[in-house]
Each structure stands twice: as C-alpha cells, then as structure tokens.
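The following blocks contain the structures, represented as structure tokens.
Look at the two complexes coming up: subunit A is in both, with subunit B in one and subunit C in the other.
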Partner chain A sequence: MPRLSVSPSSKPNCSPVWLISVLLGLLAIHTNAKDVLTVPQQVSLSANMYTQHLTISWLGGAATTFDLMILRTELNETVFYETVSVTMNQVSGRHQWNWTSVEPLQCTSLSIKIRSRDGQTTSEWSNTQILQGSDLPSNEELQMYPQDRIVPVGANTTFCCIVEEGKLFGTIRYGNTVMNTTRLSRRSFAATVVNQELSGKTGTNVVCFDNPKTKLTGAVVFVGYPPLPTDFVCETRDLTSAVCQWNEKRDTNLYRKRGTRYSLNKRFSPEEKQKECSVAQWEGNFTLVAVNPLGQYSLTDSAEINHRVHPVAPVNLTFVVHAWNASVLWQWEYNSYSSLALDCQVELASQGYKTKRTFSGVGLRSVVLSDLYPDEDYSVQVCCGAQQNFWKWGSWSKSFSFKTNNYVPDAPDVWMWMNKDYTGQVIWKPLTQRQSHGLITGYEVTLWSPEVNFQHTEFFSPDTYAVPVNLTQIATRSSDNKVMATVIAKNAAGVSQPASVLIPLRLTDVEPLTVSRAVYTDRGFPLFWQHNANDTCAYVVEWYEASCKWDCPVEWIKLAAGNTNVTIKSANFQPGVRYNISLYSNSSEAPELLQHWQGYMQELVPSSSVLLSTTQQDSDILLTWREIPLVNRRGFLLGYNIYISGGSQLTLLGNCIHMHACFIITFITICCRKCISLVHMVQKPEWDSSKEVLVVIPEEDEDEEGLGIGDEPVDTDEPTSLRYYNQVVDERPIRPRFPDSSDSSASSLDSACTDVTYTGIQTSGSSLVFQLDPQGSSEGGGGGGGGGGYRPQMQSRAPSDDIGLASPEPFLEPQAASAGGYKPQSSWHFDSPVEAGESGRLAPSLGSPTSVASTQFLLPDEEEYAEEKRQPSSSAATWFTNLLSSTKP
Partner chain B sequence: KNTVFYQLFIPHCSIHLSLYFLFTNDAEGRLHQSQVAVFLLTYLGPPFNEKDFSPPRPNSTALSLPSAATRLELWHGLENQARLAQNQKAYSVLLAAVRELARSTLCPALKTSLLHFCTGLDGLLGSISALMTTLGYALPPPSANMEMRPTMNDFAKKVEGFWILRELQSWLWRSAKDFNRLKKRLRG
Partner chain C sequence: PRWTRRCLTRRRRRERWLLPGYCITNVLVCSSYTKRRRHSWRTTPLTEDVSCALSPDSEEPSTERQVQLLHSALRQCLGLIHCVILKEEEEWGELEGDYETMRKNVQLRLEHLLHSTKGLVETENTTLEVTPDHQCNEETDGAGGVFGLKMWTYRVLLELVHWADHAAQTLHVLHTEREEREEI
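And now, the complex of A and B:
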C-alpha cells in the first residue's frame, strides 16, 4: 500500500537536486494512487437497534471519498447509494460512516458494500457485509418492530411486521387505523405513521394480523413531549436551607419509567411528580435539569438568601382577652426568626367581615388588637413577611378564635308616647349586640318628679322595650309640666349609663300645628325645618301610623343640635298607610312639638267607596255620604266627583274638593227624557244652609247658557220614578269589589279621586267591580250603542266648568273618547240576590280601575225609558227584567 | 349492583364462598363484562377492547395456572381435594397477577377498582384454604415468585393483562360449578 513517508532531516540540505527528486517522487506516488484506488477492506458493521443507527467502518487507504451502497438483501432493493467524504481516523486508521435507517434494522437483512472514489475513478466494490434481519427463515415467529418506542409529537415512525413462516401478511393497524404497507422482504412488511399525535396513557398499539386472522402481534409506541419546566425559583423557609420549586408548562404524556427526571445542582429529585426539591444549605446559584427520553431542559436561578425569605406560618397562637382589646401571641418554628425583622398581617374576622391589620417588629411574636367590641367572637390568622428585601408573604397560621369579655351596656335610646289622658308608654330601642356588650339581664325604669318628690323604680325583663305609665296622679299634684323617665340596661358586667326622657304633662294642651305633606322618595321621607340660631337643642323625629290613636307603636330618630333636615327610613313603612311625622325639640326641657307632617310611602286607590244615601226632599234629593275611614283612603283624597247616570251615559254633575260635603240634587224637570238637576252643596257637619250653592245642570238639549242659581220647576213624576227605580235596583245582586293591587301602579303618585255616581242601576250595601266585556256591552248597552256605557273618563269637556265647580282632576284621557269604553252594567253577573231596599237607604259604590265610585240609581237609559213608554203596562220591574234577560250571558 | 356474584354456604364447615364475577347481567338476564373489565380493556386501548380481539395466550409466569377449561369427563372425575387444590392454585396465581395489574396501572380509578377486586379474591382464596384445612387436605405450595419475571415489552404486558382477565373470568365460572359439586358431595 503506497504511503507517503517524509523523513525529517536533522540538517536541512538546500540542494536543488534533492528538492527536485522529492517533488518527482511525490508526483510519482500521486500518479500511482490515481491509477490504482484501494478497494475498501475489513468492512465491519455495528448496529444500534433502538436508534436504528448503523455504523460502517473499513480500511480505505488514502482515499477520502467512497461510494456506499445499502441494499435490502432479499429483494436486492437499494436503500441507500451515495458518494460520501470520509476521513481516516488517525488512531484506528479506519474510515467510519454512520447511517440511520428509516425502518427498524430488524425488519429485514441489509447488504452493505463500499468502493473508493477519486473523481470519476472508482475502485472495485468491497466484499458485501450483511446485517441480518429478524426475518431469516430460522426465526419463524410473527414479529413486530420497533418495540416500546418513545417519539415526540409530530414524528414519523416506520413499523414493520415479519409474518410467521408459511403465513400470509394481513394488515398493520395503528390504533384504529389500518395502515398502507410496503413489502421489505418475503416476510417483512412496513408501514409509516406520519405526524404522530399524542398517544393515550398506555401508548398507542400497533398491531399486525396475518391473513386469515389466526395470529397477531404488536408493539406499543408512546408519543409525548420533551420536558419543559418553568417558574423555577428557590427560597428559604428556615433561613438556612433552600426549597426550590418549578412547574411544567405542559404534560409530557410520558409517565413512570418514561417520565421526567429532575436534578437540582446535579442532585436528583426523588419523585417524578414532585415539583419541589430541597437543598440543605443555600448555595446562591441553582440549576434545574429536567430529562425524559425525548430530551432535556435546564433552568437556573440565582439570589442572596435574605432576598428569598418566605416565612413559615406562626404556630401556637394564644390570646389575652379584654373587653375592648386582645393580645395575640404566637411562636416561630425556627429560632433564627428571633433576629428577623418582620411585617405581620393579622386578619381579624367578626360577624362575617374581615379586616387586616399590619404590625412590624424584629422576631415579632405578639401584637395587641385594639378597638374590638365587647362580647364578640373573633377569629384571627397571622402571616408575616421579611421587612427588608421583602420577597413574599409567608403562610397563614391556622385560624384561632376568641371572644372578648363583657362590658357594661350602652345607654338605651329612650322615647315616650303619651295618650291624651296622661297615660302612655316609655319606650326604648332594643340594644344591638354591639350595644349590649353582653347578654342583657334586664332593664330598670324610674319615673321621677323632683317637685312632688316622686320616684318610682321598676325592673323589667330583657325582652321589654315599652312600659306603660300613668301620670294622672302626678299631673294633678304637680305644677311642673314634666316627669323624667330613666331607663338603665343591665348585663353581667354592670349597668348602663341612665338614659332619660322628659315626659310633658301638658301635651294635650298643645295646639295642633299646621300639617305639611311629607313626600316619600326612594330613600325615605326627606324632612326639612328651619333652624333657630338661638336654639341649641337637639331634635327627635318620631313617626307612627296616623290611624293609630292609642299606645301607638312609634318609631323615632334622635338628631344632634344644628340639624335642619333628615330623611327618615323604616322597614315598617307600608304603601297606602298614612304616617304622622313629628319633629320635637330634645333638651333639658320637655320635648316640644316643632313641626308636623303627614305622608304616604305610596298612595293607593281608596280601598272602599263612600256609602251613599239619598233623601228626597220634595223635588230635591239630598245626597249624603260619610267620610271614608282613614285606613281606607290610602292616599290624600282630592275630592269627590258627582255623576248622574242614565244607564249607559254618565254625566259629571260636579265635583267637590272638600272632604265633608254632601249634595242636594233638585230635579227641575224631567220632560221628554230630559232632566235638569240642581246640585246643592252643603258643608258638613253644620249643614249650614247659608253655604248652599245651587247649580242648574242642563242635560243635552238644555241651553247651557241658561245655567243659573235658583229654584226651577219640578217634574212631579220624577220622585216617583226615583223611588220606583230604587226598589227595582234593590233587587239586584251585588258583586264585591276587590281592591286591585294593579291600581297602585297607575295611581300611586296621584291622590285618588272618589266618584259619586248616579247610574241607571242601583245596587246596595257593597262595592262592585267592573269587568271588560265588549260583547256583553253591545248586548246590554241598549240604545247606548257602541259609544255608550259607563265612561266617566270620556268627559273630555269638563262639565264641572259648566257648573262652576273646580275639578281637581279633569278627565282628559284621549283614548277613552273612542267607542267601547267601560260598560259595567252589561257585564255584571248576578250571582247573589239581595233584598230590595228603600229609596233612602245607603247606596253601593261602583269601582273602576282608577277610582272608586258610589252609585245611586236615578234614571234609566234613554232607550230603556222609551221602551217603557211604548209598553204602557210595563213597569220599572218589567224594564229591569228585560234588561236582565238582555244581559244574561 | 348488577355485578353477578355467587355465594355458597357450606354448612359442613360454616364457610361462605363468594365469587364476584367480572360480569354484569342486564334486565333481560344477558351477561356483560363488568365495569372493571370494560375499564381495564379500554385502558389498554384498541384493539384490546374490541369484541373479537383475541391475542395468543402468553406462557408467562403470571399465567402459570391450571386451566379452567377441563374436559367434562376429567372434571367429573376430580376428587374434592384435587378440585379445591386447583382452585386454590389458580386464585393464588391470579390474585398476584391482578395485584400487579393494579400496581402498574396509571389510572387511579382503575387501580381502585382492581384493588377492590383483589380484596374479594383474597377473601375467596382464604375461604378455599380454610375449607381445605377443615377437610384435612394439604394446601398446595405457594406460587412462583412474581419478582422473577423476565422483561417483557409493553405490548406483551398488555396481552398478559388481557389474559389475566380472561383466565379470571373462566375460573370464576368454573368455581361456581366446582363449589356446587363440592356442596353436593359434602352433603352426601
């Protein structure tokens, strides 16, 4: 084998002859090499079955370029044929080339041969070396390769199946997918899975079946990720050692023996799942290395120990408890904390609220919690952080509870209620838990009048909040105008400061003040008053239901001097209830009533109508009604409307804004179905005739200009007909009127208007409800037709103007002008017969969605009246029967 | 609730034999694989959970147990002692195998189910041993140590798990018959 050998001369000879000889020699060697390329010798193979690497080495002489050919032995198919440059290993003198097979090396036998190349010149091929596959006839079994492979997501893997000797190949399945296969040899078949997805926890099964399916074999491949740890950080809990923690950004999908192994500063973490490792001494620099079969990842962290203090939780919390404060004491697990400057948070929880208080100190082990409430349960947790180079708050201690001690109660908030006969009540508000400072054991109430040397003390149970007083005797003996009531609350810790209220003995003599209206807003009743600059007194605002007259459940609020407004609120305010609200001075003198309001939280439609009665006085009819009881008004009454009704037509006669009013109707004439009525208004209760007002109300054809005051001719038939109809109407049953809650929304902010209505139908003794019944309306409306019916709202032309009476609520509803308004007469259902009454008895009321009405029957509808005239034998009873039959459903 | 189990009281020695089958029966009385069996096969992945999948039975240590499928005439001819000894041997091997399955599983719920099942098998094995002792029969020697198992590839382990389950099913069926026969003989 030609080799270049240069012997160094100890004495360099610079003779040109020697130099030329050397150059010629070199040229000769080179020319020989080019002519005779060395055939690679001693080709050897070394295979790594797991990595599918094949290492080929040979003696290649001086050549640096070689042709490599790899064939599948059985089918003589070329797998690899390339010219490669390989340099000789100076130590072994051999050439070496590594090749990675796509298929597992067991799949089939491979033949490898090499030749040297120099440009276009090549040597002879070396002897063929065969890497034996597992498909040799001597190995008859059904086999699959590779086994137990672990690959990253997205990888491509080629599997091969070597069928049993003498059997036919069937299929290869990857999971549920049947793969395309290529033949590698007589018995070996390969399938390539591309872009592999994550496998299940137990890997993906690759199964090979023969054909027909008699046997099977398989392999499992695990597809996952290399490790990717994050958030690597080290800290100290005991001020000496390090605790390092980290997270994994993603699940590698590889577990147990394939799972990630971690090492911290080259020491292995014991557990795969545990993402925490301790080092006995703080080393300053930390390196985490995560390794799994698919790769490794490193993270580092560097810090001074005093920058990474994460305190442990305080332990053994104890308390020294008082009424208004408590000391919290705790211990530290490590002595080293005694010199550590700490900021500590104390979380204090009580009655569902949590507050945090912060304290500081070196080695802090106790704090005083001030501003606590007596007799209250508290729970406390403590956590601390290093004051200098704060890193993070430490762990919270366990929660510990304590209860503060009892303390004497606060003085109760005392007020009084006096009836008009020197009886009354001393009342006080129940003490809240935070005012009681312990369980209240009772109250001590003292009545005291120094002038008459009277003092009387009584004890009451803890659930007493009002005690009756009778000052009749004192009032008669005392010239003073006040008595002092003192209330003391008691608990286990002692007695409260006395709370006093001065009870005036001359309350009944106080002239009633002007009553203002208090208007409720969504926040309560806002009240305003004038402040007298000289006045240094405080105030009490009290309120109660106006309908209450005796021992009323009064609520109050006390205000400091100088206040000129307050908004009173109460959970007890109810819609439709009138409240009396009073402002009192609150000083060393007896309370003095300064201002008085009345108001509704929400005004509702009156819950009852007026009880209407008529008295015939010659040609006049006296209409009287009683005042609606206060509880039924449910709002401030604006007045009463008086209607005359002719069956389907209602005509407003007038209205009255006064509460105590009655009307005298004088029928001037009823001629040809026309009538003129006089409204005679008299103020109650005097029935003073000097206040009579006579108003002539013409109907329809009458000249409205002819209105005047004075007596008019009377239709003498009419009283008869009135009485007559009354008798008929009294036979009619009644429908009760239900208070309609939906009314309140429509009229809640407006004062209600009460209608006093004369109608073609009289019912008695109860209220009525209207029902919308358009079909029934057309049947029962008679001559009224589509435009008839009871429609007081339709009076867009306010008749009150005609009769000279102010109307508080003109009826201006535009939609009511169309046909088909209320026609209550035709929709009543007669389900309860009622005895006939007399003409003078109390009349019933009609209801409507927006007002209540009282009704007294006077005249029939025009058509009905005409029918009566056409049937001489008919009576009002007949007419009414006809009406009934026409309205029956 | 639907797990079919077999309880046998042998008055002769006041021993209860309970077989917790790896089957459940539906409303029509048809038998289905129990949840634990379905769970395990699903855990192994397809095609192990497919109905007609049947890999070759490996000759591994975990499956070195008497065959439950004895020919009828041979089965009829078995003496009480041989019958009980075969049961004892089979269940001691199977119990160790199911414990190993439970240990190696990555799924906590499956591990719990398998360990629960082991408790039942342990009780059954204890009952059989107690019965043999009462009847004066010698207990068979303990099974080969499971620690000596050769390294198996992952697929082979799955096939073994599959066959442990199948053998267990076969043996539970056979034991029901065995114990009925024993009961008759002991009464006689």
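And now, the complex of A and C:
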C-alpha cells in the first residue's frame, strides 16, 4: 500500500526549498498510488432475466473496494452508483458483485463500469460493458416485461412496455387501473405497482397500448401466498404402513404448474390437491415440505406406530336375530387386527332414536345386542378404536339393518264402563308396537262368574278395543257382586297373558261422593288424595265428558299402590267441556269409587242463553228461567244477574246465586216531573222474606216521557234481562243485546216512561206466585232426581236432565235437577228451545225475548261465594240490603 | 360479387380497437391465421384488415358449396375450441363461476351446428366429417406466456363468432334458394 513518507528534519523552518520538497514528495506519492490501483479488467455480465439479477465479475487485482456505476445506456441515466467492498475469489481470482434491478433487465440496455478505490484514491474506470435490452432498434416489436411473474401479496412490481419502433407510447393498465409511467429509454416505459393484492385465479392482466390505440400487448402477474401447511399427522390403518395427512391454512391462489408441491420424507406427493400421502413402512419420523414459487414450509411429526392406530371400518356385517336380542358379526380387512385389542362402538338406530353401546375384545368380530324389542327394525353401524394408546375412533362401517323376531304380546290394559242398567263395555287400550311384539291377529274376551258357573268367550278382530256386555242375567242370578272380564291379545307368536277387570254388579248401591273441583294446569289435571296406610290396593283414575251418559268413551290410567297423586293428561281434552274424573281402587275386589272431581280444561263463556219467562199478576212480575244445558255452560255457573232494560241502558236489579231463582218484581212507578220506577224484588219469599229490595229506576229522559204509553198502573213492557255468569266474563259493553233481531220482534226494549202513581210496596207474601220444589231449594246444594251426591255411572240420561230449572253451580254441585216439575209459564220463548240451546253463539246471556243481554257482572269473589254457600240466606240478605242502601238517593 | 361485398361490410364493422383485423373468407383461414399469428401476436395491428376482399375462387361458389366450405371452417373452429379447453385446463385447472359451463355449451352447440350443416349438403359424392379438425399441437401466440394464451383464446372466440354469423347468413340463403326451387 502506498504510504505517506515524510522526511524527518532536525531544523524545521519555513524556507521555500523545504516547501517545494514537500509538495514534490506529495506529488510523487500520488503518482505512485495511481500506479498501484488496478483498473478493473475483463468485466463480464451475467443476467438472470426472471429474478432480474445481474452478476458482474471482473479482475480487480488486490483492490477490495470498487465504485460500480450502472447507467441506462440510451439516456445515460444513473441507475446505480455505489462504492462496494468485494473480496477476490481465491480460486478464480475474480471479483464478483450481484445487483438486482427494479425493472426487468429487458426493459432497456444498461451500461456497467467499475473502478478500484482506496480511500479517496480511485483507479480509472473500466471499459463499459453493456447489457443489451430488448429495446434495441433491431427489435421493432411492441413488448411487455416481465411475463408471467409470480409475486407474494403486498409486493411491488415494475413492468415496462417497449413500444413498437416508430410508434408512440400510450398507457399501461394494471387490471383496470391506468398506471403512472416513467421513461427508461426512447421506446421503453415503466410502471410500478405497489402493495399488490391477490390476483384472480387466472392472474391479473397488465396491458400496454400505443398511442393512438392500434396495438396492445401485455403480461399476466399472479399474486399469491407461499404455502402454509398445518395439522400434519401420520397414522396407520393396516398396522404396517403410514398415511400422513395435512391441511393448508390458506389458499395460495396459485394453481397447476404454479401450485404447491409436497414431499413427505423427500418423496413427492403425486397430487397437488391431495393432502394425503402414504409410506409403505412406518418410519417413526416424518417430514413434510411444501414448496411453491413463492416459498416453502416444513412440518414434522414423530410417533410410534402403536400410538397412531386408526382402525379401518368393519366389513361384511351379518346378524343372528332373536326376539329380544341379536348378534352382530363382522370381518376385518387386515389379518393383523386379530391380535389388536379393540374397543368397538355399536350405534343402534330404531324408531328415529340412536344409542351407542361399547364392547371390548382382542380382534373383536362380534357382539350381542341385548334388550331389543321384538318385531322392530334396527339399523347398526360399528366402529372401533385401539384399546391401548387410543388414538381415535376408526371409520364407521356401512349401515346394516335387521328386524327382530315376533314375541307374544303384552297383556292389554283393560277397564270397563257400566251403565246403570247392567249394560256396559269392556274396553282396552290398543297395544303399541312395542307392546304388540308382532302384528296383532285378534283378541279373545271372556266373561265369567264362578258363582253362577258362567263363562262366555268371544273372539274379536285386531281393530276391536271395546266390547259391549250385558250382565242383566248374571246380576239376577248371582249373589256375588262382580263379574270378571278377561282379555287376551294374539299375534303370530302366541297369546298374551290374560288381562282382567272385575265388573261390579251393585253399582246402584254406591253412595254418592262429594265432588271436588279439578283445576287444569299446563300439564293436565293434577289430582291428590289421601292414602290409607292399610290400603294395599292399586288405583285407577278414569275420566270422561260429564255430558256423556251412555257408553261413554272413557279414558283411564292405572296407578300402583301407594300413589297419592297423579296429573292426568289427554290429547282429547277440549276447552269448555266438563270432565268427570274418578279415582277407583283396583284390587282383587270390584273397583270402588274413592274420590270424584269435575273440571274444565278451560272455562268459556256459556254458549247459549237462558229461556226466561214472565208471569204477571197485578203489578207483580214473576221471572222464571230454565237451566242451561250442561254442554252449553262451558264453565261452572256462579249465578244470574237480573237487569231491567230502559231502552239503551240496563239497570241491574239484583243477582241470584241460588238455583231455582225466582223473583217477584213489583213495578211501582211514580210520575212527577220525571218518571221513576221502583221495583220491589222478592227472592224466594216463602223461605226468607227479608230479601226484599227496592230499586229506583230512573227513566230515560223527558222526551221519552212525552211518548208515554199511558196511565197503565204497571208497565209490563219494561223488558227484564237475565244474565247468568260464570268465571268467564263477556267483555262486551253493557248494552241490550239480542240473539237476533228476528228473535226479539215481540218484545221491544224501547219501553217508554211509565207514568204510574206510586202504589206502595207489596208484601212478599202476596207476591209469591210460584212454589218451588222445597227440597231442591233447601240448601242450594240439593238438586236433581239423583238425590244428592255425585254418582258417575248412575246419572239419569233422561233428556230432561239438560233442561232443568236454572241452577247456578255451587262448588258441590249436584247433577242437575231432574226432578223438574217446572214449566215455563211465559209465552215468551224461542220457537225452538233446542235451537236456542244449540245455537252456540258467542253472544251469551240472552234469554228469551223477555230477557236481554246485559252487562258486566258483579261477581262475588271466591271467599264471599264460599261463605254464601255456607249461609245462603243470611248472605243473600246482606247483599240485597247493601244493594238497597246503595241505590237510595 | 356478393361474397366480397359482405366481407367489406364486415371489415368496416370490425374497425374497433379490440377486434382482430382478420376477415376470413377462406375455410383455411382458421388454421392459417393461427400460423401467421404465432410469432406476431404482439404486433398484430388492431385495425389491420387482410385479404378479405378476395375470394380464392374466381367465381363465387354455389350456395351448397359455400355451406360445405362453411362446414369445413366450423369443423376447424371446433378443433380450436377443443384446444382452448385443453390449454385452459392445463393452465388453470378448474375455473370459477359459469365460465366452464358456457364454454361447454359453446362446444355442444357448435357440434350440433356441424351435424346440421352436414345433413343439409352431404351428398353421395361428398362426405362431411363432424370431428374436430385440429391437433392442438401448435403454440398459441408469440412467445407464449399466459397473456398470449388469453389473447389467443379471445381470437379463437372471435373467429367462432364470425363463422357463426356467416353460418346464419349462408344457411338463410340456402333455405331461400331451395324454397324458390321447390316453388318452380
């Protein structure tokens, strides 16, 4: 290396000679250095057009620092000019520098020259080497570079367009975007796309047009991702080889020849799409390498073979079938499974339900499925896993089906219905498929009474579930109080166990029980009863529509001994229908009625009106009405309201919560400037005269007064309305409502002001014109011909049951007043009471034309109501007294 | 002659920047155009029009003969469509959307048209083939590249559009002439 050598001087001074010497010395040193720095020789260029790498090599002597200059040849623009340190390759003796061009190397010619540098000292420039571009005049065509480039998402790529010789450059479009361009040479123009987004599957077009647009050329660029495999795992199916699988975390967006190639332990996977590869022998360590033009990614997996057993699916399933169980047999594809300890799942599907059962064994090939049902279709699938070092469940076998064999049927669930004349029915529930155990071919029903040595058997078709019986003869001959009915079901496999029910013959001797009310909830009718510790009997709870009297379609449920409650449910429960519900003992003796309930699933507004009649005696009006048929009540009746209609308005006269209601109404009309009617009502005066009431009824208005009908002492045209009420209230406004205008033609509600002089209040005794049945009225709970308590199978089925006198229903309600005797005395009635009863209109509470639909109800609450039940006379008196007080001015 | 006038009309209509300048009047053009195109796609003039004014025959061929020539051209176009499908599948595999369905429909309808034209003009002395007349062993456009393949596909489809138009006209003329003959 050249060094600065300075001559030492013992006498330093500033003489001109010394200065000249120093300057000459420096000049000599400089001249010497130039001689030492080698001018780079034999500069050669090697270009990789795809990677746009330019390799420059040269002979540079001992120099390690060089200045490199790269120019665009045509425009003499500097592309690269830097000082670089390059060491000499000891083998070739050459220096080498790699440079990557931003633009494709074809875009334009590049001139490269090098010089050596040592500090501030440089050699001469080497000869210029030119890398020829494709824009040479000899290459006249319109061109675009780079072609078919593949770049990662987010990359920047520079494209160049070389216009045709003699033509003008137009534009470069990247997709639909016109790009900014820079000129590289006379014919070459470049555009750079930055932060490139994913291209379509067929790449993004980059198009160059000349100006004017006469020609175009272009290139396609593919923007994607390097591979990123995941979930690489190897397992064995045959206990020898390995099957390795993986997934790709993302789509590389590169396909076919640009797609990802996979190698497993350096063996290439044949298919790009297939993410699975097999190796004939388990190697323990596995390496997956995924490669695409944008990069590569490796994953490894290591495991012992017995930790990675993924069993194949069992094949050739066969069955040995019985009624209650079946054996499933299968085969394995590989013999090696014979020594493999397995856990197997058997999925059993039947009637839409699936269950899994697990079995274990070495080389398991069969299992026994117990607890099946006879005559039932099953489908079975099997899959297994290694018992030791469990890896995963194997593949499911194909699904196979079988049907279990028939078996004798279960004994039917038998009950009976008896009418009060020794006729009735033996009934049983249809056997379900799981009770039938095969197609039922028929039933055998036997009636027998050991005492009279009577036995009678008949056969019935499989669709028979009720058989009529007539025990009249047996009843007359037998002193015993029961007959046994036995039912046997038959199918192809045999006959069922006999199912028996004892039919009592002394039904009429059963004392009526009190009737409780059952309240429906979302789940049904919850019922409770006391358990007698001495009782060991089971129970039967039966229910049926209360309106049914003969051969009723009864439902039942049998309960084991010890039960004290049940909630009965039925799809047949209907709103507005009253049900009788009975609890019977179920033992070796005839069933005994233990408890009785009545209830509605949902109470509705009564569906028919009352038939109201009036009888006039002097100034007294006797109102009578008939009982609403049970089916029309649609709820428990709480009482009746009585209104008097003044045309557009109804005035409440009072209400009646007792059965056989009867009012004597005396109209007392005072005529002054305004018309006032006083009505004296008497409820059952014969047994309680204190329940008189005086009601002031203001007349409508003075205009109506002017239309007065006359001086009649009693205005009997004043329509009186009766409305019964139950817990379901009609919400319509209080206005007179007629069933139909045609029905009310004879009874206009437009009564005018009655201009009658006050005549005084009649005594209750003088007003009594109708004698009610004293028994029926004695306690309010008394009633019909049945003579009291409830007897579900002994009710009269006389038609008169349904049209008795009106009877609000107390909590303990007798079945209605069949004792009857009452006939409507008024000429006001429907032409057809039946029609009225069955009209089913939702406009309830309208009686005959005499009665008028009325009002909201003054419902007593439950406590008051109960209290009234206990003390009907006094409470009614109180109520009327209150009413009287409140109406006094 | 009528044939020439029609081609000239077509030429004027095609003077749009993206349409190739070829107006094909010869059944051989389908293949010759691809041969010419091989090393020249980058410089293909967008408004250039070549040789459409002259029919190779000095006299205008009869309509039956025109249909035979048409049939031959369509057969070569079918070959090109087959080739397009082959190359596209090789390049990209399965493509998205309805493109593949439409491409298949074009091929099926072209095959149907070939059968129809064959039935119209085939005689005892003239046997017409309906198989694709193309080996698909040629390069696409220029130095290749995906852009070249796309351009080539586009031109094949333009070619097909041309011959489909031409088929409609020629077959109409054939139909009219035959009706006139029957009336006489």
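The rule we apply is simple: the second predicted complex is superposed on the first by the 625 of 889 C-alpha atoms of A that agree within 3 Å, B and C clash if a C-alpha of one lies under 4 Å from a C-alpha of the other, contacts with A are read in each partner's own complex, and residues count from 1 in each chain.
Basically, contacts are C-beta pairs under 8 Å (C-beta built on N, C-alpha and C of every residue); 3 or more make two chains touch, one makes a residue touch a chain.
Model, not experiment: these values are computed from the prediction.
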So, after the overlay on subunit A, do subunit B and subunit C clash or fit? They clash
Just subunit B (first), just subunit C (second), both, or neither: which does A:219 touch?
both
- So, does A:138 touch the first partner subunit B, the second partner subunit C, both, or neither? neither
Exercise. Check whether A:164 is in contact with subunit B, with subunit C, with both or with neither, and answer first, second, both or neither.
Key: second
Which of subunit B and subunit C A:534 touches, first, second, both or neither | neither
Q. So, A:147: does it touch subunit B (first), subunit C (second), both, or neither?
A. both
Subunit A contact set shared between subunit B and subunit C covers 144, 147-148, 201-203, 205, 215-220, 255-256
Given the complex, residues on subunit A that touch subunit B span 144, 147-148, 173, 175-176, 200-205, 207, 215-220, 255-256
Residue set of subunit A touching subunit C in the complex reads 140-144, 147-148, 164, 201-203, 205, 213-220, 255-257
Interface with subunit A, subunit C side, in the complex: residues 17, 42-47, 90-93, 95-96, 143, 145-147, 150-151
As the complex stands, subunit B meets subunit A at residues 43-48, 55-56, 106-107, 153-155, 158
